[in-house]
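Would you mind keeping the following structure in view while I ask a few things?
Chain nomenclature is as follows: A, B, C and D, assigned in order of appearance, with residue numbering initiated at 1 for each chain independently.
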Amino acid sequence: MTQNYNMMELMICTASRYLEDGKTVAVGTGAPCATAMLAQKTISPNLVILFEAGGIAPELPSMPISVGDSRTFHKAVMAAGMSEMMTTCSRGIVDYAFLGGAQIDKFGNINSTVVGDYYKPKVRFPGSGGANDFASMCWNTLIMTVHSKNRFVEKVDFLTTPGYLTGPGSREAAGLPDNSGPYKIITDLAVMGFDDKTKTMVVESINPGATKEQIQENTGFELLFSDNLSSTSEPKPEELKILREEVDPTKLVIGR
Amino acid sequence: MRDMDIGSGVNTIFMDPDPDKAREFFAKKSRAMTDKRITVKEAVENYIQDGCYLSTGGFGAVRIPTAVVHEILRAGRKNLGYYGHTTTHDFQLFCAGNCLSKVDAAYIVGLEARGLSPNARRVMQSGEVEVCEWTNYALAVRLKAASEGVSYGIVRTMMGTDTFKMSGAKIVKCPFTGKKYAAVPAIWPDVAIIHVHESDIYGNCRIKGISVADMELARAAKHVIITTERIVSNDDIRSDPVNTAIPFYLVDAVVEVPFGSYPGNMPYEYFSDEQHLAEWMRVEKDPAAFEKFLDKYIHSVSNFYEYLERCGGWDKLKSLREKEVLV
Amino acid sequence: MRDMDIGSGVNTIFMDPDPDKAREFFAKKSRAMTDKRITVKEAVENYIQDGCYLSTGGFGAVRIPTAVVHEILRAGRKNLGYYGHTTTHDFQLFCAGNCLSKVDAAYIVGLEARGLSPNARRVMQSGEVEVCEWTNYALAVRLKAASEGVSYGIVRTMMGTDTFKMSGAKIVKCPFTGKKYAAVPAIWPDVAIIHVHESDIYGNCRIKGISVADMELARAAKHVIITTERIVSNDDIRSDPVNTAIPFYLVDAVVEVPFGSYPGNMPYEYFSDEQHLAEWMRVEKDPAAFEKFLDKYIHSVSNFYEYLERCGGWDKLKSLREKEVLV
Amino acid sequence: MTQNYNMMELMICTASRYLEDGKTVAVGTGAPCATAMLAQKTISPNLVILFEAGGIAPELPSMPISVGDSRTFHKAVMAAGMSEMMTTCSRGIVDYAFLGGAQIDKFGNINSTVVGDYYKPKVRFPGSGGANDFASMCWNTLIMTVHSKNRFVEKVDFLTTPGYLTGPGSREAAGLPDNSGPYKIITDLAVMGFDDKTKTMVVESINPGATKEQIQENTGFELLFSDNLSSTSEPKPEELKILREEVDPTKLVIGR
């Protein structure tokens, strides 16, 4: 099979279609930011982008390298602080949060703290940063990650950032806001949502060239497949053009 | 490790959240509007002792007080406590100096889009530094609570996760609605070091662009050391009081350090030096090379200007300025 | 009336402090950046119904949204709830229209250095308005809690007093230190009306000078009506993002009303009209004269400019501008 | 007896001497503000004046008419908001608060809410405003008021603003900050402090022309008199000159 795009480009173009116009999204650096920028330049011109350190609705001139660098509030409508941004999430004004992570389980719980034992870790990662805050307080969490068995695990070594925790009702029981939680997982193999009843991951669409078997093989727990299983659309030429020429011309993200 | 019924994080709270003890300290702190200019060296000598708890302003490698952190390394300060919301190059520096023994961590070891610091990771995996987990917002609320003179704040985050379990937070219930919150203890750091755009000689400061958590930090910290791109007149400050971020009575020391956030980004002034930051990551992989590198850029230089010279001097700074303002 | 062991104020909380209900509302509120300019009349028709709970921005007779309050009187709105931190002329106006049935009170009836309003006092002594007592800071923290998306905030004030007893506050204990605090319930007003210096057509606003509690208010209120001295371009707002006080997605309506705080003070623009405010106090003593006065200045005028004309027009405004800027 | 000053001038000049240089004071409009301005121009050039609505260390061009009017942040070092100012008090950075009130009891508790029954008041007053906040959170509360039996009462009809509540330890038991409370009461007859043991009002100095008997007669409860009872100094000519010519030339406060 020949394709004129790489996996990162596929993931970004796919993810961008889930960001509706006139909604708000909290993003970090890298792929999530590229995704939001692409959505703004395609289907969602009124998408409001927010950065954790305080940049609100900037006109991004290029990809930021830090969530707090000066690009994140370039021609912004407001240059505020972390508290402004986080309380905006807490009040229920932020529709989407965009995260990554080292491990993820079937409930969409994320680990970005340690792999191995907490006190004697094989690898220490940065920790939550603002990820736990976003996933707790924004309405819908989107996660972009490469699909592999050591990422999609039965049990995360450390539950840094909440998905649906232990299943239906457990977020609310823990004290997290009603009706919030993981929304879509976008990988190089598939797009997954969550089953309403069990709050576990369900494959909704399969990426071009991937198969059900391949997806399950690369997942460390048993996946559900949607009754309405579909095929992920390929990136459109104009999406790729904008992504390559306007969003990430230096290939900071898509070049990898 | 997961237990939905936990009411308390298991970790140690490093700093006393008693607001009356903090008030006792602030009762004695001078409110006089005096000339507070001193040198970087004096600031470290006067305010930063072994074992004290520090916090640096800014976020990521943006608006960081590099000059004071270098001086802390040169002065060989040890057993420091540190407040690590998204801290990147500053955290990397403290790890390079083996300065830390306690860290309140939300985001450490990482360098955002740049990757992870090999040496910071090595230090943090060594078990020699005690860690308490938090989130960026939880840490901001800990400062905010202190800035409000109360012993805790509440957030709708962390709950249900191992981040909560490995924190010092506790679950409380709202007396009006019964809703659960994570209560986080106020933190009054011993010293805050904040780099700003403009300050007068008394410590009235302006920050241009995002303020991150520095408004809260300047109000929470017992001592505040300001490094500033520029000293401006008190008349200038008074001509535009709505843009003052930090009033003088919070500040202990003012040091004028142009390009003081280098190699970090200073909004509206200069962009980060990505080459130099990449060099850090490269040399950190090899301990011997790293030692040489630290000697060249920190230990063998007598002040921040010499460091800037070794990093490329005016030509480098000019290019970073252009990169920032000619977007 | 004094009892040191009380754990709860006895009064009613007028508004539901449930943060999830507020979130449900905000989930549906549009975040689109659209042209929000409408007239004063439309703003009142669209957003202010009988029985809803209002809060006005500013403090004392400073930066108050007079035009909208006049229109509320003309529209005959009744049974309104009202948030009364230091509210003076605005409160006096609502009393003149007998618009209120519930007041969260920290400072009502009074006019600061000017004395007390005879009519507001009459209304408040009539027993027809339900009152819940608070302090200015307690009210600010109620808004702040709402703006943080949580159901309560804590303060080290009110405790031990009848102000606490006649409030809706409750005593809570810190889970870390055992210290007592007065917990105050979050308040999400139905509508906030805020007068600002500059706004673009989308509702990105600048406030020059003190912001009082308006940052918190704009974030807490379900609907926000902005009156502004001047409309500015979105490019202008984006050229100086650090001075934006209120971002557009909080705002429902933008109305350009030059001299909109008259007869109050608008910092850097015009001083208060002390003659007109003194006339109010004078005529309030005589109900018949007061009725005539209200008819002349509010009910028989069709808009705010006619009101300004009747108050002395350009000559008066020019003198107030001079009084403000030629200090 | 002839005197070249009125009672308001005496009270202001007396009170100004209690505001030490290099300290912070939260003031309202009227006499407290005039007092702080006088202190700045005489013994305390580095006195920091703070206004409740957000004005911090202004160079006051004239007497404000509202605690939020533009004079309160004229050439201020910061124009902030109410929260900035109140949290500064809460953190223990504000040394003095300056209040008035309709009634005051021997513990320095103040009523500014209602006279008569709460639900059927004879007179409704404004309420706390920020007074309760200041008296709760600032270190030392100063009160200026005219001395009369209906102001100095055995029991206030409504305890709006805390003094020492019911006596020693009761502020702390209620939850108020340690070691805060009423400091001096300045009236047209005397200056009173508080007895360390009982936390009740004690006359420390008697104003020119007043007598112990007159003070007690105008007080609705039994007063203590200090063992070191002194005479209040008369206003100095230079104090009066500054007060009349620079602080309140239009006689807004001192003319009454």
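Just so it is clear, a residue touches a chain if its C-beta (ideal position, glycine included) is under 8 Å from a C-beta of that chain, and two chains touch if they have at least 3 such contacts.
On a predicted model such as this, the values are computed, not experimentally measured, just so you know.
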{"item": "Partner chains shared by chain A and chain C (touch criterion as defined above)", "value": "B"}
{"item": "Residual chain groupings, excluding chain C and keeping positions", "value": "one piece"}
{"item": "Pair of chains joined by more contacts [C-beta pairs], A-B or B-D", "value": "A-B"}
{"item": "Distance from the mean Cα position of chain D to that of chain A, given in whole angstrom", "value": "57"}
{"item": "Chain B and chain C: spacing of chain centres that average the CA atoms, whole Å", "value": "37"}
{"item": "CA centroid of chain B to CA centroid of chain D, Å", "value": "40"}
{"item": "Between chain B and chain A, distance of the C-alpha-averaged centres to the nearest whole Å", "value": "28"}
{"item": "Sites on chain D at which at least two other chains make contact", "value": "73, 79-80, 90, 137, 177"}
{"item": "Numbers and ranges of chain B residues touching at least 2 other chains", "value": "19-20, 149-150, 155-156, 179, 181, 209-210, 241-242"}
{"item": "Touch-based graph of the chains, sorted into line, ring, star, complete or other", "value": "other"}
{"item": "Touching pairs - complete list by chain label", "value": "A-B, A-C, B-C, B-D, C-D"}
{"item": "Contact set on chain C toward chain A in their complex", "value": "19-20, 22-27, 29-33, 146-150, 202, 204, 219, 234, 237-239, 241-242, 244, 247-249"}
{"item": "Residues of chain C that touch chain D when the two form their complex", "value": "1-2, 4, 58-63, 85-86, 88, 105-110, 112-114, 116, 121, 124-125, 127, 133-138, 140-141, 144, 155-163, 166, 171, 179-182, 209-216, 265, 267-268, 271-272, 274, 324, 327"}
{"item": "Chain B partner contacts - residues on chain C that touch it in the complex", "value": "13, 17-20, 149-152, 154-156, 170, 172, 174-177, 179, 181, 183, 185, 207-210, 241-243"}
{"item": "Chain B partner contacts - residues on chain D that touch it in the complex", "value": "21-24, 46, 48, 56-57, 59, 73, 75-80, 87-93, 95, 137, 139, 177-178"}
{"item": "Contacting residues of chain D [partner chain C, same complex]", "value": "28-30, 52-55, 61-74, 79-83, 86, 90, 109, 113, 118-121, 123-133, 136-137, 158-162, 165-166, 170-171, 173-177, 252"}
